[in-house]
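In the two complexes below, chain A is the common chain; its partner is chain B in one and chain C in the other.
The block that comes next holds the complex of A and B.
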């Protein structure tokens, strides 16, 4: 059961499109089911139009973490429907909803077929048979409902009480207890994937940088690696190292911020206040590298947009030392305070079995005991040479998700120090040639929320025929909904912050 | 308890002196207010125009201008200019009342715009401004750097500015994002729920012009397509200092314009 029928790829390498086998639908389905049964994950499944209007191609990218390989296959769907794989493979549910929405294909047998981003399809079909001239209102439609005495529904959003992105949440409650939470997103949909089609323009890199503003480095690295793979471009070790450092700085800033936010949501203000500030210190380290706190301009096709000199490296290391001490001081208060621990432990449990079934990635998966980390499993760039141990714990609760972040903070700091101890020589940026025609590439990177997957397919002219982005939040939103079952509704902010998912990365 | 007190002593007082003292140090590579020296321009050269991802640079009669409302501050124009006619300065005071005040041409405007609100509005909001934040598309970076103002290093509360949980409690909106079709109605309803008189602040290239998503069919090209905007704060995203400067100079309690 080794996905014999799927092509084997390496993260960040391009192959000719012909090398991706086109399977019969049954074989395609079996390959996915065999793969997940053998412990693989679905990193992406997406549609692509063909020259014939009634034929749609479906691609699947499976991550075989044990073999450090990716398995890729495709199938052709004739007409406007296909048999849903979700009942046998729950982690496909959102991918199938997305295919239904974008291509007007009905996944027959899908248990809860709803739109994902509330937009019109790219074809003249519609999976819900809505008239083409009718506008589609976000989050309008069926919601799962519980009926009975004292059962009530709480609706929140899209505009939230704080400075938060828009999303709509429906809680089915019995008193304070949540039976079920359903999340409707799509408010941030701004058409990025569609705009990436065609030759890369001078705006493409900015789309990559703003897929999720807090994950600029991971997404831009994914995009640049796709370009470099298709253009057969070799980056220097120096550029790879600087990309790795920028990625870990991004992780540090966000993890520290999250620990502060978690602490705020359990009402423990000391750590909340300190971490809010220390997060800024890490963002300012990224700004030291490239002038932008979010890493705008840092990652460019062919390497990095900004080089580092000895003075800058020394300054950054000095700030890192100080921030490390401040963070340790602030964060360790959490584990030493019984009232904080009482709120974190056993809140929002995501059992390992469910995490596997839903295909959860990143710190949320590692907090449920899954040892999955792209930096170890499918390493690219500097992570092929310099390893960061995977941080995991078995709790699966809010404490687990907080503690995994703390472990990762310590290891990322160590990594940056190691990198700066021996900065490789070389040019930060090399020339990138034209993209190879009729090719296919997948790039995976471990962003701070988890796996960032970019898939690019080029046409005869060597421009993008399809560009598919899967943000880790796309995998993980269902985990938040699951974790809230049986919780008090007042625990929602804490559960939400313990995942801290992206709306814009999901909505694209 | 003892550890918490020790930590409190260790972490110390971190709120910045600004605006009474100097602003926090910006990084050397910071890209602030663009400067144009049209005298350096070569006839017929449009390298900067071609490099600009959002069409922020226009050359008219041989004189270039940059619209900060569209600018992503990526610095590509400065990189490709053979004559160093475009540079990005450390100027962080970028806010403006009017859309056209953000157009920089040949070192004009040389000073940050005057954005103080009118006297009767200041009488109402000058000492207490409650804002409702609406994120209407975009990438969450503007939201993140607005949120930073609530941390103790920036401490927005000391100016009487607070983000509130309901439009009914608010004196105005702070809008980020290009206003997606899917957020259009929610933004309009939120605006309608804010009692009059109300103000609107648009933060970031997206909320001003659509930013990188300008002219996508899924977006409205900025907040002023839906609601009237009183203050624009450019950037992609604006530095927290730029946002803070915009807010407090609007209230009339900011650092003097330099």
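The block that comes next holds the complex of A and C.
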């Protein structure tokens, strides 16, 4: 039971495009099913157009966490339809909808074929046979409905009461109880993948930095690693260490902010307001490194844009000590307050079996007992040398997701301290050459929300022919919808915060 | 006459100050400076000067909601004696009117919410009346206990029963009803742990979600009458837990104001140290309030047999 027909890759290494086998569709399907049966998961599945208009290429990137490697394969689809894999492999659900939307291919047998981002396809086909000149409005269309006299429907968004991103949520409720939740996104679709195609320009790095504003470091690292892999560039140990520190600082700021937001949603003031401030302290540490609180300008192809000196490192460590103490004080209040625990425990449970089937990543997966962490499973950069233990918990509820964040906060702080104990010498930035032609690379990074996957394919001229980004939110939105089944509708904001997914990372 | 004027003056001007004190207490616990104590006044004045957006689907009920609420709460405030001074309006059996004025206010608030046709407001209205089924009997038992203790059906006599008339046997029932009444106070005025007055999440709110569509002066009236409700229920609770009076008669006014501030600080502390209850668990809390008050009444009836 293994998918030997796929090419084996390492995270952040480039191979010639020829090395990726083109399978018959049946073989491609079997390779994916065998892989998921053997415990692999789908990191990305995407289409790519070929020179012939009626042939579309499908790529799949499977992560084999046991063997610490990636399995990549492709197939060619002739015509405008293919047989859907979703009934056998639910984690492909959104990927197939995306392929249908972008390339006008109909996945026959897909149980819930709707657009993902409500945009026009790249080809002259349309999976829903809509006329080409018709404008497509987000979240317009049929939603899943539950029939019954006592069933009522609640629609929330895209404009929300708080200052958050736009998304539409459709609840089917029976009194206070939620039967079903359907989420419609796509309001923030900007076409980043399309803009990345061609020679990397001065703008490309800024697109990467703003893919999801709170995941700047992880996305930019993914993008830079892809360029470095394709250009066969060797970074210095110093640059890799600084990238690791920046990534963990991003995780710290967001996890602390999330814990504050979670306690705000349960109406517990002390932690909410202290965490809001401490998040700022961590953001300021990133600003100390590179001058931007969100890490803009820190990661650059070939290394990092800003070096660190002994004085800055000492200052950062001193701030870290203080922030660590403050965080412990604020966060431990949560676990010690019975009324808070009563709200968090058994709220929004995501069972492990479902997390596996939906291919959930990041803290949400680890809270459901899946030991899944790119820093351990597919390490790149500094994480090959310096390990961070995986923080997991098997509750699968809002408490689990909050507690995993707290564990990760403590371990990230320890990691940064270890790195600063021995800062390697070397230049922070090295020259990056031209990209290798006809090549393929996948980079995975553990952002604070989970796996950030960037896949790049170059053409004969050595510029990007296809650039595919998978934000962890793309994997995890269905988990939120699932976790809300049978819950009370008034617990939705809390469940939502415990996942805290990105809208723009999903919409791209 | 002067006392009646002071009563009306306090009733009209003091309530928003309580919100300011609660928020200052909460801010202190959270390590912030918090908004100015007078912020609620600024908010109400600001709202009064704004325009209104009224949905075309609504009818006169939508506008009547806040106005009737303010009128009923004002009238309830006139029926309720403050400290040792008599209420401006008083008659035998006024406790029934007092209790049902709140009921009338609730009816009009929920009717105005349903009038908008929004699913959120319908949800809020459903929650409000469900929880009222439990808090209303608790309030009634409290009034019954007071009526039994004082032997009168007039709020004036019920609420300031002379200290000498108390016997030890009344202590336990009165302690029980004050606990119950405090929970009812938190529930009726939408405070944590029942409702979160600061939340902006339309799916979790109870009272706030019912008034989502009200804007401008109508919303100002809602804020004002909500704070007045807090003031009135707080004053009733103070009668029970703190029947102290000074010899100098006029000194009772400042004493009352101080006690009211103390109560606001206690509410602020409760809101700061605990999280909001899960919606499913709120009835448990209200049932416990009902049991406290009901049990207090049973104890008292047993004693008089």
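Observations on the structure shown:
We take it that the second predicted complex is superposed on the first by the 508 of 508 C-alpha atoms of A that agree within 3 Å, B and C clash if a C-alpha of one lies under 4 Å from a C-alpha of the other, contacts with A are read in each partner's own complex, and residues count from 1 in each chain.
By definition in this document, a residue touches a chain if its C-beta (ideal position, glycine included) is under 8 Å from a C-beta of that chain, and two chains touch if they have at least 3 such contacts.
Here the structure is a predicted model, which is why all the values come from computation and not from measurement.
Residue contacts after overlaying the shared chain place A:265 against chain C, while chain B stays out of touching range. Chain A is touched at more residues by one of its partners, and among chain B and chain C that partner is B. Shared-chain residue A:133: touches no atom of chain B or chain C.
By the touch criterion defined above, A:213 lies against chain B but remains apart from chain C after alignment on the C-alpha atoms of chain A. Of the two partner chains placed by superposition, only chain C is touched by A:491; chain B is not. In the superposition on chain A, contact of A:273 is made with both chain B and chain C.
Within the superposed three-chain model, A:337 lies in touch with chain B and with chain C [touch as defined at top].
In the superposition on chain A, A:161 makes contact with both chain B and chain C. Of the two partner chains placed around the shared chain by superposition, chain B is the only one that A:195 touches, whereas chain C remains out of contact. On chain A, the surface touched by chain B in one complex and the surface touched by chain C in the other have residues 161-162, 270, 273-274, 277, 337 in common.
The residues of chain B lying in touch with chain A in their complex are 3-4, 7-8, 10-11, 14, 27-31, 50-54, 72-76, 132-148, 150-153, 163, 165-167, 177-178, 180-183, 185-187, 190, 211-213, 216-219, 236-237, 239-240.
For chain A in complex with chain B, the residues that touch the partner chain are 117-119, 137-138, 158-159, 161-166, 186-192, 195, 201-203, 205-207, 209-214, 216, 270, 273-274, 276-277, 279-280, 284, 287-294, 296-297, 306, 326, 329-330, 333, 336-337, 502-504. Per the touch definition, chain A reaches chain C in the complex via residues 152-156, 161-162, 175-176, 263, 265-270, 272-274, 277, 337, 339-340, 342-343, 347, 488-493. Residues 26, 29-32, 119-120, 122-123, 126-127, 192-193, 196, 198-204, 271-281 of chain C are the ones that touch chain A when the two sit in their complex.
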